[in-house]
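One chain, chain A, appears in both complexes that follow, with chain B as partner in the first and chain C in the second.
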Partner chain A sequence: MEFFLRLYKLLTHRQVVMLRQSREDHTPDRGTVAAGLKENLAVLQSIFSKAPDLIIRSFIYKQSGQRAALVYLCGLVDKNSINNNVLYQLMFEPIDESQHMTNLPITIGDLKSTQQWSQIELMLLEGHSILFLEGAELAYSLDTQGWPQRAISDSQIEASLKGAHQGFIESGWQNVALLRRMLSTRELKMIELYVGSRVRCKVTILYLEDLALPELVQELHNRLMELNIDCVLNTGELTEYLEDRPFSLLPQFITTERPDTAASQLLQGRICVVVDRSSSVMIAPVGIAAFFQGVDDYSTRWPVATFMRILRFVACFIAAFLPGIYIACISFNVEVIPLDLILSIGQFRAAVPFPPLLEALLMELMLEMLREAGVRLPAPVGQTVGIVGGIVIGQAAVQAGIVSNLMVVVVASTAVASFILPNFDMAAAIRLIRFPVMFIASMFGIIGIVACFMTLIIHLVQLRSLGESYSTPIAPVRIKDWKDVFIRMPLWSMKNRPDSIRSLQKTRIGPKRRL
Partner chain B sequence: MDAALKPSKSNRITTLQFILIIHSMQLGVGIISMPKDVADVSGTDGWIAIILGWILSTAASLIIVQVMKKYPDGSIIDLIEHYFGKWIGKLAMALFAVYFLLYAYLIFDRMVLLTQSWIMQQTQSWVLMLLFVIPAYMLIKGGVRDIGRFAEITFFASIWMVFVISTLFKDGNWLHLLPVLKEGWLPVIRTVNTTILSFLGFECIFFIYPHLEKKQSASKGVIIANTLTMLIYLFITIICFLVFSPDEITFFNDAVISAVKIIEFRFIERFDLLILSIYLMVIAKTWISALFMSVYCTSRLIVGKYYVHAGIFLVAMVITNYALNTGWNESIEASGYFSKIGFAVAFIGPVCLWLVLLVMSQFKRWQT
Partner chain C sequence: MSRAKRTMLLLISVSLLLTGCKDRLNLENVTLILMEGVDLDKDNHLLVYMSSPVFSKEAKKKNEETKVKAISPRDARGYFEAKVSALVSTGKLQNLLIGKKLLQHPYWYKLLDVLFRDAKVRSNARIIMVDGDVDDVMFFEPEDKRRLPLHIAKLVDTAHERNLVETTTLFTMQRQIYEKGVTPYITELRREPGEIRLMGTALLNKEGKYVTSLNIVENELLQILQDEKYQDLTLTVVLPEKDKPGTVFHMGTVSFYVKKVNRKIKTSYRGGQFQFTYEIGLPIQITERLFDYNVKDDAHKLEQMINEQLNKQLRNLLQKLQKNKVDPIGLGLFARAFEYRNWKKVQNDWPEAFAKAEIHVNVHTSIKDYGEIK
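Moving on to the complex of A and B:
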């Protein structure tokens, strides 16, 4: 009985919610702008009720003597330009008989006229100011955008030594401008669209028209159009809605804060998505290899870059499997370890009362907590936490007999290895993979690790990013592309664009080296 | 039939994938006991039999390709249905389903036995089986293309083993091979019986041919695949013959692992454990591919998604293993019987089919 009651309550509650939602969906269409200024302002007041940041400035338009009103949301506009380029011009500019009335004496570049109230509402919310004139059945929208924003600075999570020190910021048009500066070619095309049913967010798709496959652009466009979200605050949110396999551990798109990374990806035929109000840019489609390519790889000399590449692959393997291998060797396959080493391990392990899995979990969790704490705290305190934690992990835990010496070495090298990967999302995924590997290793030993590795490879092979294979060029094998995967060959030797990223143009234009 | 199983743009395979799927079906558990099996019959001349076996298996593979060319857009099932009618098609489905299911189970069982006797002595064999159920299910669900990609990665990830094993040459004695043909050709020819069976697996061409992107490279592909397998067999067998003396070798059931056991580095002991563990990946793709071919047939024969069938079969395999609790003797005995069926399916079947099709294509009715 109680169950039915609950069910009933649940259902009615849902109905109420649905009703409320449907009411919100059908905000009355207010139609077009009227001729009278007073009526217009009244409509405006009703749209923006309880909005103290809505400024309405009424004045007399000097040229024609009409009454006029300028409306904007303070904080979203550039006050200087409103005062000097709009209000001053309209109120004090001397009468010029030769000018037509519609030719307003406003010194602002982007001036549009509009009639729809829905349009006006959106314009206001985006930081435009709207000019109403008595007797005119239209309103003018002036581009006076200027909201609080930070200066362009180096990216925090993707620091680079030799790359550009400009990072994306939280305003979409500036990010587009940064990309435009990197790739000043007319082939750079953009598609603008709005995402979000409650709060609209401008999303720009950028691609090089002579490189990117039209069907991929179309696919991405379709996926964005089909989205039905309340609001997008961050690129990370958007990627979660666009992914091919939402339950996978691995990131299926790259999000970057660096314009040079984004530009180099665009040059390889990939597509960029700039989300307004977010400082990172999404890149699609990507393969596993792209996560191992750092920005500095192309600005350092190629032998060094090659070494770094190999180091990253080794580090990735260590970060995912080393604790598992340690557990497997200690608890199952002791015979693999050389005799001298096993003796010293035995000596240390004798003092530790825990099984290897518990010992490893303890240290790994401690390490993850330290890492997370270090991220949240301000820099000076974070450092202290690091040092205290380091000492606790490194020395005190061993002396207290909680963990063995070798475990500390294993955990520490795992930690260092996991920070080598240039992409944050990938590094986080790899760190997570380590835990199931540890569990399986403690149950099945080295066989368990092989089974984990197999599962991981099978998953990699099956992943898709925007419908494109994720594991290229490793599988399907494209040996020619390996020039830029495990090693980085000299740039002048990469005459062809990678086969693994399908693009319209197969050869790069003029990679010649003067001998 | 599932749409995912039909050859389409989304599950085409490249020539390299075609080669490596065939190669990976051939190379599996057989190699581990091969040196002993060969030496039992013909002593250290056995390696010649491998080459003879290779010639026969390549010929059989080429015949299969010729058969498949008669109906390039479908698998062997479609071909039989087209030429012989629906019911014979169903019979062929059942036959292939049972054949590949046995193939998969026997190798899976052997793989687990190997693991159990070399690495995990105290673990029950069905528990070890359980460990590979999930990856197998995932891979089968992915279809031919993913099997091909997995074969590629595994192949490239296991090449290093060849180099490690070649360090054994310094422990070998080339005199073990001499004199060549010490007892004449007869023992060698008798060994061919054993060696051609170790090339079994190329019959998967029946099922993967329609997925091949460039059909004209099929013949080249099967030759390369067989050659690759032959080279690896030859390499391993000769290494074992060099390392062990001609009399000694017949005492080692898993001669390859025993040979690898000799390898020892300063930083790692018991290299055989490591190599065998990683070689499990190579073995796994043998039976996983076979199971895929099996569910390909059953999902056409009976209703249902092919991966659901795969799941059921995998669980059934674990239960069978738990219930029967078989050991090495049963496994070897069963493989003996199975190899007779394998010989019929992979060698006699294609030849007969080819001859029948040749005759049939003389008549107008079947020329289209």
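Moving on to the complex of A and C:
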């Protein structure tokens, strides 16, 4: 572990050094905007060399007769608003003597003036268009953003039956807007910052000011500020840099594509991080219980939701330990199997030439391959792969005597169980845990499984997410919070926010349910 | 962490793996003994038998059976390993067959020491006496039954549910041997041509020697006396008052289902002997009656007639037990509970005191139900 850490530090250090060098090479400080239009355009050309998508439109500003130029990156702007609200207004609007020169006749909401070239460069790259006027020592940036993007649709990975059918998309400000729609309160505060040295990426921290602990917000803010990376393309990348324990198997933050999930987490006092250009939102800090809570839990009636909750915990156990238990039972502790089952397992096993571990590994690997193949292929083909894999390979493998019938049952139920978990990251982690459990079970039997379980619990207990305990409310026991862990009590009984998430306000609703 | 420490850690973890693999035993490499048999041959040599399932599809038979000559059951294990295809395990032992010949010899149960001592042995294995040679049962392969060990296990369990035989497992055997107030009893079976038949219960004395047997009907009555009725207990008695001549059938037959046994025992000590008085309340349900009877007017009289027959049968059974000096009922426990001082004097020779005891039985049946017709 130590060795890995050192290696990791060495690598990151080199990266930082390299980054610094590249930054110095690529972005020399060019100072401020000059008065002459020609000089300015020349500077611009030199900044954006070999950029055919940079459009420079020169024209005469009708009101003053000045020469002017509008610059933008085509594809990142909304052409309609450039043509109608900017160019038309500037070129054809009749002269109005009473107007002051700086009061441009542009009908666009967000208009800023700037002098710094570095600022201008960033603005252009973000889809603003820049207006230069002859003789003015400043440039105007116009908010004409409009890049290609998909419509807001249901999330594929976190489908829900009764929840909202809006998912986050790949543009940060729209995602923020979706959250604002969910929580239209002035307490929803945001901190905007930029991450990425080579390519900047806007990251927004959202939290409810009257709930979230300021020190947690500060901690997250600091971690983001300390980041020194090339570029962030995805929320998943960002979480890797922010995690408390990068070598843990378990996810320490939730990433979600659902605004309603994110909003409910915000309401519990947690903090959201929206990353521009990524369709998922990070939530911190989280505990193990949050990975078992689905959105539908709160929109279905509580007995049903409770049943689902228990099912998930059972499924989690099955997904992690069932193959291990099976291996342990048939290679060490034969006595625990009921006699009739032994006789049938014995018959199946006698036909299989491999030891149980190899048999299990073979099937598990096949299953993981099938799953991965199904994900990558388009839906109709993916289904075919599932059928071919599941039925044909499974059946044929049994008949060929490569694996036993019961092993197919065990592996298949493990797979089904692992798909029940609502959170993809957690499901993937548990699928991984299964392999070491299988190895240890084949060497130590049931004792090995118990040891695995203990190790897992020890790890859970010491794990932190943003410095907060990961295993609350189970390990530092908060009995009051158990209303929403293994079971889901009626919503009206959850009068207080969970103790396990430290927040500024404890009370959630009035003291009594109105019947 | 220093280099030395790291190397140590690596070595320790590797050595863990090495020791771990030692006791691994895959299911297909196990010869599960489902039935073990112990008997004596005509020269009084100990014979140990085993029967275990065969998993391979290539084998024509479902079971393999082996017989070896050995000093003790543990000694036999080595010979077994030399003969059967895989490694022997007694973790799923179902039945332990013991030959009647072996049971003639006192302290035979010391041979079971290995089964009591080894933690991996299934302590719920049934101990069964074979009336005849164990050989005949072990190598018997009925074509219309499942594997013989499982067939016998099921047979014994279901018969016990119907109160036809007593069952004793390795676990309960321990108690019966070392408890002073009770004598051991085990299931008894016999190989008949073409099938296995349960004969009832074999009664042993304190030394484990075979004394006598109870047939199936006697066993039902014993279970009433023990207050250990399981599911259905149906008794059939012939009332001599209602028997009619001139037909081959017993026309005085009445069968009834015992719903519950309310047993009360009064224990006392008088004149140098223990006295036990049984008051047995039996709520019954008539299931069969071959004679005509007006139950509306004379239900009580019918109960009386049944009482009389039952009293007679129970007294006969008790006499048989006393004559043979065996106490499978466990009346010694009552003696110890209620007459401790007197019990202390006889505790080491309870069967003798039991034989001398005076036992009264009074059955009080009450008919609760006549079925669909009166």
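We take it that the second predicted complex is superposed on the first by the 484 of 515 C-alpha atoms of A that agree within 3 Å, B and C clash if a C-alpha of one lies under 4 Å from a C-alpha of the other, contacts with A are read in each partner's own complex, and residues count from 1 in each chain.
Simple rule for what comes next: a contact is a pair of C-beta atoms (placed from the backbone, for glycine too) under 8 Å apart; a residue touches a chain by one contact, two chains touch by 3 or more.
Quick caveat: nothing in here was measured; it's all calculated off a predicted structure.
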item	value
Contacts of A:457 with chain B and chain C, given as first, second, both or neither	first
First (chain B), second (chain C), both or neither touched by A:446	first
Contacts of A:116 with chain B and chain C, given as first, second, both or neither	neither
Touching partner for A:331 - first (chain B), second (chain C), both, neither	second
Partner chain(s) touched by A:471 [first = chain B, second = chain C, both, neither]	first
Overlap of the chain B and chain C footprints on chain A, listed as residue numbers	332, 335, 339, 444-445, 448
Chain A contact footprint on chain B (complex, rising order)	14, 16-17, 115, 119-120, 123, 128, 131-132, 134-135, 138-139, 142, 146, 148-150, 152-154, 156, 266-270, 273-274, 277-278, 280-281, 284
Partner chain C, residues of chain A touching it in the complex	2-3, 330-332, 334-335, 339-340, 342-343, 345-347, 349-352, 355-356, 442-445, 448
Interfacial residue positions of chain C with respect to chain A in the complex	1, 6, 17, 20-21, 23-28, 30, 32, 34, 53, 55-57, 89, 91-92, 94, 120, 122, 147, 150
Residue ranges of chain A in contact with chain B within the complex	332-333, 335-339, 440, 444-451, 453-455, 457-462, 469, 471, 474-477
